[in-house]
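Two complexes, one shared chain (chain A), two partners (chain B, chain C).
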Partner chain A sequence: MDFIYYFGDVFTPLSFMLLLGGTIGGLILGATPGLSPTMAVALLIPFTFQLEAAQGLILLGAAYTSTVAGGAVSAILLKIPGAPANIATTLDGHTMAKQGQGARALQLSFLASAVGGVFGVLLLIFLTPVLAKWALAFGPSHLFWLAILGVTVIGTLDSASVVKGLLSGCIGLWLATIGFDDIMGAQRFIFHPALGGGINIIAALIGLFAIPQVLTMFAKGRHNTGAEVIEVQRHSILEAFRELFSRTRALSIGTLTGSIIGLIPGVGGQIAGLVAYDQTKKFSSEKDKFGTGHSEGVIAAESANNAMVGPSLVPLLTLSIPGSPTAAVLLGGLLIHGIFPGSDLFDNHPDVAWTFINSMLIGQVLMCVFGLYVAGLAARVAQVPQSVMAAIVLALSVFGAYSVQGSMGDVYVMACLGIGMFFLERFGFSAAPLVLGLILGPIAEANFIQGGMIADATVGKASYFLTGGLNLLLIAVVLASIAYSVWMELRHRRYTTKEEAQA
Partner chain B sequence: MRRMIAGAALALMSLTGTATAEDYPERPLMLMVSYGAGGATDFQARIVTMTAGNEDALGMPIAIINKPGAGGRVGWNWFATQADPDGYTLAAYNVPHFIAQSIKGGVEYSADSFEPIANWGADPAVFVVGADSEFNSMEDVVAFAKENPGKLTVSGAGLFVGHHIAALQIDKAAGTKMAYIPTKGGGAAAMKAVIAGEVMGGINNLSDAFRAQEAGNVKILGVADLERNAFLPDVPTMMEQGLDVDNSSVNFRGVMVPKGTPPEVIEKLSATVPEMFANSRVAKKMEAGGSPMHIMTRDEVIEMWAQRQQTLNELLAGL
Partner chain C sequence: MNRSQHVFGSGLVFAVGLWVTWVSYTQQPAEAFLFPRLIASVFVVLAGWTFGKAVMGLSKVGNGVTRTMFLNMLPGLVITLIYVFWAAKSLGFYTATAIAFFILLSIYDPAPHDEAKSWMKRCIITGVFVTVMYGLFAMLLNVYTPKEILF
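Here is the complex of A and B:
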């Protein structure tokens, strides 16, 4: 119960000011396209040089939690996912905003974020020693199977047909091979110097999601701008509360999936939202509504990506191994004050450790309060005439892609992928499976090569990848996931042929 | 009238001519780090440049830009081919990494593409094993490797980085053949593989290994340097344990500019930057983070690069 003892430290005037500043600043940074949570936290590191260790970490912790949630704002209103974590939020969230329900989508997303986030931090507080063992249990072979599990999701994710989903997944897997291969250093498909570093995931996200809709808006022309002004519906916060807790299935699946996946070093944050979205869809009684502005989609995605925040810090705080890029930046924030994560942190600097964790807990609540406050105002963005909106989104996209590494190369990549996706969408392909392929490709490949090298030196590939409890469990889940997709596809086909026969 | 304007223009030209050297830098500078935010190089670069804006240093802040990928190849390729040699674009170098990569080929840079400014740190490679490992000295490791050729799995941050060079040197000195496993995700991922028992041992940065040992997760068996390190006075060097491994794998970190940068700019930077590194606030933060400092001037770095080029040429020739 150490954490209760140190709660007071969060509420000293300076600490609380930093917490407020970190939360509000984090929301704004998170909502800015192209600024991922990792970069936002890295930007704040110099400010912590002047602060005491505990205060510096309050700022960083608050910023981390709220940037993850803030990414939902641009995902819902502009269809620009701020980070891979927010991809799944665009699928239903942006559709809701287009229907004038932006306020409802934002309220639900912030509430779900807070619930997921608080759960995640509580896991961090109470179960850290147990979870640390779990985090270490995932070796290269397990991460490989986990990535393959993600690939099986591709077919069913946000696509009219399984075949088209798999095809766009394959395009994503191919795009992921561009650039220097990370383990061997071989060059692959580098047609242009800008591709040397591979396809930057943030630039790709902006291109694939935002650019096609900009082109669609431009293609519609000026003549019908007046007619399409959307009426933005007001939505009371109380109702959002009620709706959130009537969707317990989406909320609990999202929270649990996010917590479990967030724990796994190197994979977590990127795919938590997408996997939770897919699982919720599979278990939902209203499968067909997903993708058409269904609130369960937003709730699952957002509760998952904030639930991941707490567990993702477990390997860092206990073993001193950063499990994600953001955790690596936070490690810098600790080291700069001479504090080493691990037993040193909890034994010799409990005030720093617990104040940091508490600040994330309070930060979740503050983030939710501010989020709900701006939700009503922000939703008015949908009233902006389409031609103006297209220009704004385009400008933000270019800015976002450029700001990732300060290079025009990423802007070209974004533009090319965006134009390509515009045409693919016309043939019924969708961006989400493509992005999932882009994310999972390198994870699967690197872990297969690395696991293969270990296996060759020890027990051989077959027994390394195919034996052991965790491997077998993951393989079983992969098979079940494939079987489920096949079964759904067959059932769906039987129904449609029956209807066609009757018609 | 015309003569006056011409005279004024001439005076202005001569003024700006001298001004570029004297007023440099007149806007913020950029330092490219070819590893991700949060990595050891990025972390240290942020500390050693934090006082750049002071009047006694450059008087202008230095912003860090990360261009990670493929063990640094992506960033250094960019720096060699696309960065402007105007004195406002600096980069962090990691030796022996970029020299070894240029020897192995497939990249567009070599030591001749860059002009060193100053060195800030030297992080030796160390051999680590899990806390519960049966190995207690390099002797145990070498004995196992000799009995089981190709079976001793050893993790490191990537191919042709300092860790890999150290592994090659150990192999050469002991006549063994270890299975070197490069990881994606740098030193942190390689360390995780050791702690989780995925590999039998690992080669990692002294600074990261020191932290992991403090946390009780690993044992450090040897330092690949000429002398013992102040952070680890009890850990013997490889030489002390009978392995002929010198300091070729020590990860030297410093600042460089692209070839073609004006000589007066290089002069100004190489006079100011080592002073900036020597700032006591910088030293305190580096010490607190467990990062060994080693300040070297431009001339010393030029010599060190040339030495590394030669040893690495010999070491990598057989591969």
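Here is the complex of A and C:
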């Protein structure tokens, strides 16, 4: 119950202002198609440099939570999901809006998001300290395998091709080794002076997530979104409350599905929303109404994608393994303040950890309250031409990368990685495993070297890294995730081939 | 998707993989390259596999870049490269940002090019945006950006 002691810290004037600003800004950014939660958080990191660690994380956490919920606004009013997590919301939400029930759909979506979100953060509050204590038992070999696990799980589950996903992870791990070696001081892969200090994580994150999006917007050429905002009519909030709690099956399936999926590294909000929608439909007595503007569809999808947010941070805060690309960006936000997640975070910086987690809890309520008011404005912002968005994101990326260390080298690295990632994505590679490799690379290498030294003095490298219950368990999970993804890919390919043959 | 695009893309990744492996196994001190060697070995095998599949025409994932996409993107990409690698440092961050922003808006804005109103709107948006950026970065965050010949 440590978290209760730090509730007051969220309500200091600056912290609360940041929470409010992050929530409202996140709702508007989330509604803008093309601005993913990960990109929004990455672009916000430079604004946290001058803040204290807890305050910086409050801003990033609020933006993360509310961009996921804000995506529902454009999904409902424009039929364009603000983020992949809101795809399932479009199915019934937009139909409701077309039927003149846009306000009802928005109210249900924000209320369901808040319920799911609060449950997810409570799970984060109660699971994290327990797992953080358990993480104390981890030695260098376990941490090495855990870092490899983080890269392989995201590489295999988040990519359409297992080999390309793992290859992206390898590229990320290699990029992390560029610069001077920590122990010998040797130069590694420095083929340009801008790489002398290694690749700065924040500049890389901005480049990898923002620049491909900018180029994608350019690639669409001169065109309007063509989407019309559907006008909403007034709807009683009390009725929405009543309806939400009369749909307990959809709400609980969405919340539980989202929370469980959030705990699994690599499986994002998009999956959470779609799985919850599908499961609710299966268990519903009104199956036929799904897709025709049924409120259960909106409730299930939105409660799931927000319930996923809290649990997706559990592996990050306990084991230093970001479970999602956005969690990886948040890890970057922690590292720039010299704070390392894991048991150290709760033992030495409990104020930072608990203030951040508590702010996410309060943020869910604020998101719900303000979501209903800024929905109209957010939908208008979502209509801003993509050319304007692309130019804004490009300039923010350049300024953001430069402000990390006041170095043009970081801007060059950001641009090169971003342009390279755009083309890699077009060839089926994914940014998420690359980012995970880049972030977890130093953790993997430090523990590999440290473990190697211990092994040389004791049982030898093979025994040290490849035996012992926990090592074997982690290796088994790595192999299982690869095997599962290969099986899924082959199955999908078999079905695709069959469909192609039939066509 | 065009097979040659897959071959080119995966070939480039394979070439990087070969270079990383060669550097990892030939550079000294060897102790500093222990971890890179481990990664490079996996990297080159996976990259070789991907390249081999592309050569045999078995690459299924990835839509590549169509001619229309590339032509649409080209002006924006060129402006981005000039902005990042030359203008920001040589002209000054805010001047370069204003120019790049205005050009990008002019190229990609769906509003008609023959209306004075559209041009006025673009000028106003650029002015407001650069002022906001100045307020955020120079005044709020105290980021000192290269001013060079202009601002």
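Here is the rule we go by: the second predicted complex is superposed on the first by the 267 of 503 C-alpha atoms of A that agree within 3 Å, B and C clash if a C-alpha of one lies under 4 Å from a C-alpha of the other, contacts with A are read in each partner's own complex, and residues count from 1 in each chain.
Basically, a contact is a pair of C-beta atoms (placed from the backbone, for glycine too) under 8 Å apart; a residue touches a chain by one contact, two chains touch by 3 or more.
This is a predicted model, so every value here is computed, not measured.
Asker: Please indicate which partner A:Gly460 is in contact with in the superposed arrangement: first for chain B, second for chain C, both, or neither.
Answerer: In the superposition, A:Gly460 contacts neither chain B nor chain C.
Asker: Tell me the contact category for A:His337 with respect to chain B and chain C: first, second, both or neither.
Answerer: The first partner, chain B, only.
Asker: Touch test for A:Asp181: chain B only (first), chain C only (second), both, or neither?
Answerer: After superposition on chain A, A:Asp181 lies in contact with both partners, chain B and chain C.
Asker: For A:Ser161 in the superposed arrangement: first (chain B), second (chain C), both or neither?
Answerer: second
Asker: Under the stated touch criterion, which partner chain does A:Leu424 make contact with: chain B (first), chain C (second), both, or neither?
Answerer: Touch partner of A:Leu424: chain C, not chain B.
Asker: For A:Gly8 in the superposed arrangement: first (chain B), second (chain C), both or neither?
Answerer: In the superposition, A:Gly8 contacts neither chain B nor chain C.
Asker: Would you tell me the residues on chain A in contact with chain B in one complex that are also in contact with chain C in the other?
Answerer: Correct list for chain A: 46, 49, 181, 183-184, 186, 406.
Asker: For the complex, give me every residue of chain B touching chain A.
Answerer: Where chain B meets chain A, its residues are 30, 36-39, 42-43, 46-47, 50, 65-71, 73-75, 77-78, 81-82, 101, 104, 106, 150-153, 158-160, 179, 181-185, 188-189, 191-193, 195-196, 198-199, 211-212, 214-217, 285, 287-290.
Asker: Report the residues of chain A in contact with chain C in the complex, numbered from low to high.
Answerer: 46-47, 49-50, 159-161, 163-164, 166-167, 170-171, 173-174, 177, 181, 183-184, 186, 188-189, 211, 214-215, 217-224, 385-388, 390-392, 394-396, 398-399, 402-403, 406, 408, 411-412, 415, 419, 423-429, 444-445, 448-449, 452, 493
Asker: Would you tell me which residues of chain A are touching chain B in their complex?
Answerer: So the residues of chain A touching chain B come out as 38-39, 42, 45-46, 49, 136-137, 139-140, 179-187, 193, 196-198, 265-266, 315, 319-322, 325-332, 335-338, 340-344, 405-407, 442, 446, 450, 453-454, 456-458.
Asker: Using the touch definition from the top, list the residues of chain C that touch chain A in their complex.
Answerer: 5-6, 9-10, 13, 16, 20, 23, 27-29, 31-36, 38-40, 42-43, 46-47, 49-50, 53, 59-65, 68-70, 72-73, 75-77, 80-81, 83-85, 88-89, 93, 97, 100-101, 104-105, 107-111, 125, 129, 133, 136-137, 141-146
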